[in-house]
Amino acid sequence: MTERAGAPPDHPPDHPPATEEVELVGHIVDSLTLAKVLDLIVDAGADYRMEEFDVGRTSTDQSRARLVLQADDPATLARLMEQLQVHGVNRVASEPAVLVACDHDGVLPAGFYSTTNLPTRVLVGDRWSEVVNAEMDCALVADADGTFRAVPMHRVVVGDHVVVGLGGVRVDAPRRPRGATPFEFMSSDASSEKPKALLVADVARRIRLAKASGARVLAVCGPAVVHTGAAPDVARLVHAGWIDVLFAGNGFATHDIESNVLGTSLGVSIDEGRPTEHGHANHLRVINEIRRSGSIAAAVADGTVRSGVMYECVRHGVPVVLGGSVRDDGPLPDVITDVVEAADAMRRHVQGVGVALMLASTLHAIATGNLLPAGVETYCVDINQAVVTKLADRGSHQALGIVTDVGLFLGQLAGQLGA
Amino acid sequence: MTERAGAPPDHPPDHPPATEEVELVGHIVDSLTLAKVLDLIVDAGADYRMEEFDVGRTSTDQSRARLVLQADDPATLARLMEQLQVHGVNRVASEPAVLVACDHDGVLPAGFYSTTNLPTRVLVGDRWSEVVNAEMDCALVADADGTFRAVPMHRVVVGDHVVVGLGGVRVDAPRRPRGATPFEFMSSDASSEKPKALLVADVARRIRLAKASGARVLAVCGPAVVHTGAAPDVARLVHAGWIDVLFAGNGFATHDIESNVLGTSLGVSIDEGRPTEHGHANHLRVINEIRRSGSIAAAVADGTVRSGVMYECVRHGVPVVLGGSVRDDGPLPDVITDVVEAADAMRRHVQGVGVALMLASTLHAIATGNLLPAGVETYCVDINQAVVTKLADRGSHQALGIVTDVGLFLGQLAGQLGA
Amino acid sequence: MTERAGAPPDHPPDHPPATEEVELVGHIVDSLTLAKVLDLIVDAGADYRMEEFDVGRTSTDQSRARLVLQADDPATLARLMEQLQVHGVNRVASEPAVLVACDHDGVLPAGFYSTTNLPTRVLVGDRWSEVVNAEMDCALVADADGTFRAVPMHRVVVGDHVVVGLGGVRVDAPRRPRGATPFEFMSSDASSEKPKALLVADVARRIRLAKASGARVLAVCGPAVVHTGAAPDVARLVHAGWIDVLFAGNGFATHDIESNVLGTSLGVSIDEGRPTEHGHANHLRVINEIRRSGSIAAAVADGTVRSGVMYECVRHGVPVVLGGSVRDDGPLPDVITDVVEAADAMRRHVQGVGVALMLASTLHAIATGNLLPAGVETYCVDINQAVVTKLADRGSHQALGIVTDVGLFLGQLAGQLGA
Amino acid sequence: MTERAGAPPDHPPDHPPATEEVELVGHIVDSLTLAKVLDLIVDAGADYRMEEFDVGRTSTDQSRARLVLQADDPATLARLMEQLQVHGVNRVASEPAVLVACDHDGVLPAGFYSTTNLPTRVLVGDRWSEVVNAEMDCALVADADGTFRAVPMHRVVVGDHVVVGLGGVRVDAPRRPRGATPFEFMSSDASSEKPKALLVADVARRIRLAKASGARVLAVCGPAVVHTGAAPDVARLVHAGWIDVLFAGNGFATHDIESNVLGTSLGVSIDEGRPTEHGHANHLRVINEIRRSGSIAAAVADGTVRSGVMYECVRHGVPVVLGGSVRDDGPLPDVITDVVEAADAMRRHVQGVGVALMLASTLHAIATGNLLPAGVETYCVDINQAVVTKLADRGSHQALGIVTDVGLFLGQLAGQLGA
């Protein structure tokens, strides 16, 4: 079976699939080019068959791949080919380019070839002609002498002959001079710019799948979950059975209890929205009362705590590990102040976890990521891209980063899961 | 009338209000201390009467303020007093401190005094005694020799005598050595950590108020509005009449049209979630088709564009100014490519605007902020705190920053406004 | 004595100082306007005398301040007046505006009045005339009917009559509708955009002053100090006696030792630049060897550790507190794994500290900030503005944020201090 | 020749190279695993020969690679093997694991095997035994029943038998379930955490190489270059001939001229550190004076401008393109206000550019990136990781991101280049 989620359609399409034979030459393995190409194919809902693959024997040799692409329809295939060409993928078939004349100034013929910034050649008759300049997102205009220029849309004029379609155009694969340098290529898309409703739906779907398969769901919560107003959403998720184990620190647990014990009026709720963990006597008073009760469970039993995430965890037998940190006030009596013991307690609870949600947490999320086996699906949700990248980079090969506002994300997630 | 929103209660409370006379001494004007104190009073739903105010005549003199605080009930007043003491506010009344013995190790008596990190004195009998160390969030424990120590909660033991309540405790106001240095105090709360549902509700309320008063609502949209999946929400807001004028650039308009003209399948929507404005031939093809139609309005008329934000603006006569930038592809025929003319067009449309929403836009938001009169309520929504701070800092005295995910924010806002 | 650094000149200037009487009316205390105005005066090297100050008795009353400004020369005073007018400060003197005709299209007369975005009036003859629109950074052009318009520079034409100088122009103070809302005004300048060499020099100067006064200097170091290549700079500062106590965690100490024990070649140094604390066996091997030695001091004594920050601290008797965290590998034997004990150890070492440097640390920096008395000058250095703001917001009234690259900052600081 | 910088040593090492035959099985192409493995080999200064490569024919087939690694010495090879094992690379040689007993509690034997979080087997005698749990950065301890457990260092006790060395241990390659989901793996290292002196040296080296080869160097400058105090460094680079062409906007040019025309005293320099482009009459006055002169070159000629970046560009004939934007004040007469014309002007100047430096610029940097051919080495320097990622993601395949403070970076770069 495949590791890719691109499932086959349930019913065969009415029309035969569209196919195209393509090739790619260069340092395509170590430059990530081939991996990116295969990604794009599957992301487009298409598929491939590797017909030939000559891998460079040493780090100085080029590699060469020949693939047959297959998509459900010609339009999908054409869109895919345009995306692939940016990475140096060329059609194997060799037919001359089609030229069409512009009929309006500043407007291109339909189906115009859109350039990459790679070195490019055009087949006219039986001769390959170099494009004299390389610029992205332009059209290829034929000059009188048979050469071609990359020309931006606004500069074409009536009568310019422009390449239409992908036929007869070839590009060189991009080169990435890497080697032993202190640099790395940065490749993450600015992932705050994603369709967020889709992301939420996908996380909900994966949680459902994990639960259906008997796996457990772990939530790791930072204080911002409370500050952004999302603690009631987490409480609903615990109440409805979606969360099986919870890791957090003294701050999250205290803020959760404080907002439920003291915070009912608008003024107070707003005030709690401010992340001033210190200088707030309320915070200390709540810790002091739980210390007086002896534990959070005792405080639930004696009626001190009557709602919230901690309350629901106690009520529903969801195990909680509160790991201490040097910045803790109090702390709450449930906090494991020895960090080695705290990590050991976390170790005991990660068994059987299939999905881990890291919710606006840095310290406890990194600690958790260190303990998880490679197969656990991990979602790191934070508004700060640097935090998400840092978490997603740490060891766990399954970590997916979501740059969003945990305060709005959790409300939607709880809604999607019917919690 | 007041400029503060702390409206009087509609009906008088059943009990007499709680009051307290307090004073504050030091460089309280230029250090922002007094402003912060007055803020906290009103934020707490309380009020004040300035009984006496001696302002330092020169930059080297101290000032002194004496106020009477008034709150609806003693609990509110007590909470407020704890917050104010952090800023050096002391009760004028001079009564001795109340000491209570601890009855559990590591647990403080109810109502314990919670320390600030300011120099502190305690009145015992008729003698003021210095606290020997200053540390926040501790209790004050009496030593055998009559001095006091700030002791963290976990260190108190049975029999320790601890100050309870605010009586008999005084602190010095904080000093802020400013002067001609290259530094500035950073004072913004990490505002991504706010209760987000409340923020959305408040923006909705203010939009309703503005519309009810006959003012116009301006939206300034960046491309991330489309990438995060929120363009349909903006289209609903335009359709329902909540947005009266729209400023954007070539990127926003093109992405909006592209997602409506080409993007119906999941694959394509996802793909649009990526902020690759270049290297995407779809993007260029859409621009080319609008150029062929001659304008966005013409493309709506000839059926090329059938939905989306641009479509709704054309249909509902909402004026749009698309200001050009050097990074534009195409651009669309509606883009004003001369930036001086574009700014002049924006000038013409800001008349009568009462609320401006800056939605994941930097360039056009700054340009707009430069043109708005001081009275316009401006909300800057972006996931990047640095962008929000930058926008909010620019001139416009009314700019409020909201660090959140515009993709989720706009869905909730449209919902709140019933769009 | 003053708390402001605006020292008087050592020798009297040759010319008499320039003075101006100004006033400011509105909600100028709670809106921070007055504080900002006093700041600007001192920042400009000028001074003030408060002649009259009527503070609003309640939160609904306006206040009114009348000040005499004094600067060394008229040019400084004129620049200051332009800055102050943005905040609603007007001259008390009432003289008619001076109008000068433009002699080039798109060019203003020298000394033109530059607008704010506040409601504005102009005195012509003996009549105050309203400006019909409010826009920043424009000129005031007289219309034929005696009214004035704010006109951008590029729109003036030859013959337009433009207000020159500040005489005869008045603005209303800005209003800030605050009250009990979930919003806060964000007021921090985007402080990554500061002249960095000046900041470094100023921190160096303050460290020198603190040391000269007998105060101790505390450094709180995060792992990024090592990753960015700045650990040798910290080692030099310790060696030269500039740092008296050091707080950090297992990560910083391990990376420091690892880079000194194992890291000599380019390949290894680069590799250490990557923040992968896990998945790196080297990291664990170093911890294991120190555990075998028994402590860092023992590892220095037995020759296992021969350079670096930890080495210099051992050699120079600089106390180090390593506070544990749940994400720690190993940990090193010196790490205090009980976080309550770790915080207590930190408490013991903050006595006498006059300057605290928080260097790319979040967890330990917040923990330290919680323990420091209000008087300690604290510098929070981090590349992430959100981290700096968070640290600077925490209680400590003296915290100054510097958004910069700690890797380059520490090299310059060590250079400035001759370390 | 190779595209990789891992050049062979000039002289043969004294000892024979160390070699190891390894293999890797799984979805290693599309999961980026193979590319990462080849990267690590070259980054370590080692090399490889691909002995066998069976690529999966379809997206559901596994691939299998067999390589011979070669390093200069066994220590380098051993370190490399540890890094590779994290990605599922196993030795082909099959020898039993070596077990060594612990002789101190909490201390591992030298050379202990450090675990990954992948499924792992150990060869004991002739039987492969599964490791019962997977956790990173642990030791493998043999249980009495012949199974193995991953145990953290602090939990081993005297007498525990621990695997030493890589012999007899195999791991499964990581799986990355991708497919058509809205997520992307985030793979950029948190690149603010790099050894910064090395990065500066490398950029300087590449600029020298480019100049030596006859290529031109382009600088794209944002206003923060001036605000952070780095404009004099850019001026020195222009003066010394290191910069051949400069792109910027009205803001950069105006701030540069303003700081040179008006800014000599400390007070003024500090003031310029604040990014308030508006509300500052100085800014407008400077623009007005250049408009009066007619152009920047004319203002240099008539003595209005006597130093700074713009001055040096005029003096040394370095072409400057100032592209307009809707937020511009004035603008300066040299600003090309039509953005399509501005982009065309930039197009004309990118010919022959070999290195592009994007310096704290977003708008103009993106615009430039759109125009550059794929071969241009591009360095994006900004303090904001999101900006750097965004720039580096845009099309240009050569863009390298450097998250640092441009104010300190440029000073060091100018120093390195002897400017």
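Which chain is which? They are A, B, C and D, in the order written, and residues in each are numbered from 1.
Everything that follows uses one rule, which is that a contact is a pair of C-beta atoms (placed from the backbone, for glycine too) under 8 Å apart; a residue touches a chain by one contact, two chains touch by 3 or more.
Remember, predicted model here, so these are calculated numbers, not experimental data.
For the pair subunit B and subunit C, chains touching both partners: A, D. Common neighbours of subunit A and subunit B under the contact definition above: C, D.
More C-beta pairs touch across one of A-D and B-D than the other; that pair is A-D. Taking the mean of the C-alpha atoms as each chain's centre, subunit C and subunit D sit 29 Å apart.
Separating the centre of subunit B from that of subunit D, both taken as means of CA atoms, is a distance of 35 Å. Taking the mean of the C-alpha atoms as each chain's centre, subunit A and subunit D sit 20 Å apart.
In subunit D, the positions touching at least two other chains are 43, 45, 86, 116, 136-137, 154, 180-182, 189-190, 192, 194-195, 198, 266-267, 270, 273, 275-276, 278-279, 329, 331, 340, 343, 370, 384, 386, 390, 393, 395. Those residues of subunit B lying in contact with subunit A across their complex are 43-45, 79, 82-83, 86, 104, 106-108, 110, 112, 114, 116, 136-137, 153-154, 189-190, 192-198, 223-224, 227-230, 266-267, 269-276, 278-285, 287-288, 291-292, 329-331, 383-384, 403-405, 407-409, 411-412.
Interface residues of subunit D facing subunit A in the complex, by the touch rule stated above, are 1-7, 27, 29-32, 34-35, 38-39, 41-43, 45, 47-50, 53, 55-60, 65, 86, 116-119, 133-137, 152, 154-155, 174-192, 194-195, 198-199, 202, 340, 343-344, 347, 351, 370-375, 377, 385-386, 388-390, 392-393, 395-402. Considering their complex, residues 180-182, 266-267, 270, 273, 275-279, 323-329, 331, 337-343, 346, 362-364, 366-367, 370, 384, 386, 390, 393-395 of subunit D touch subunit B.
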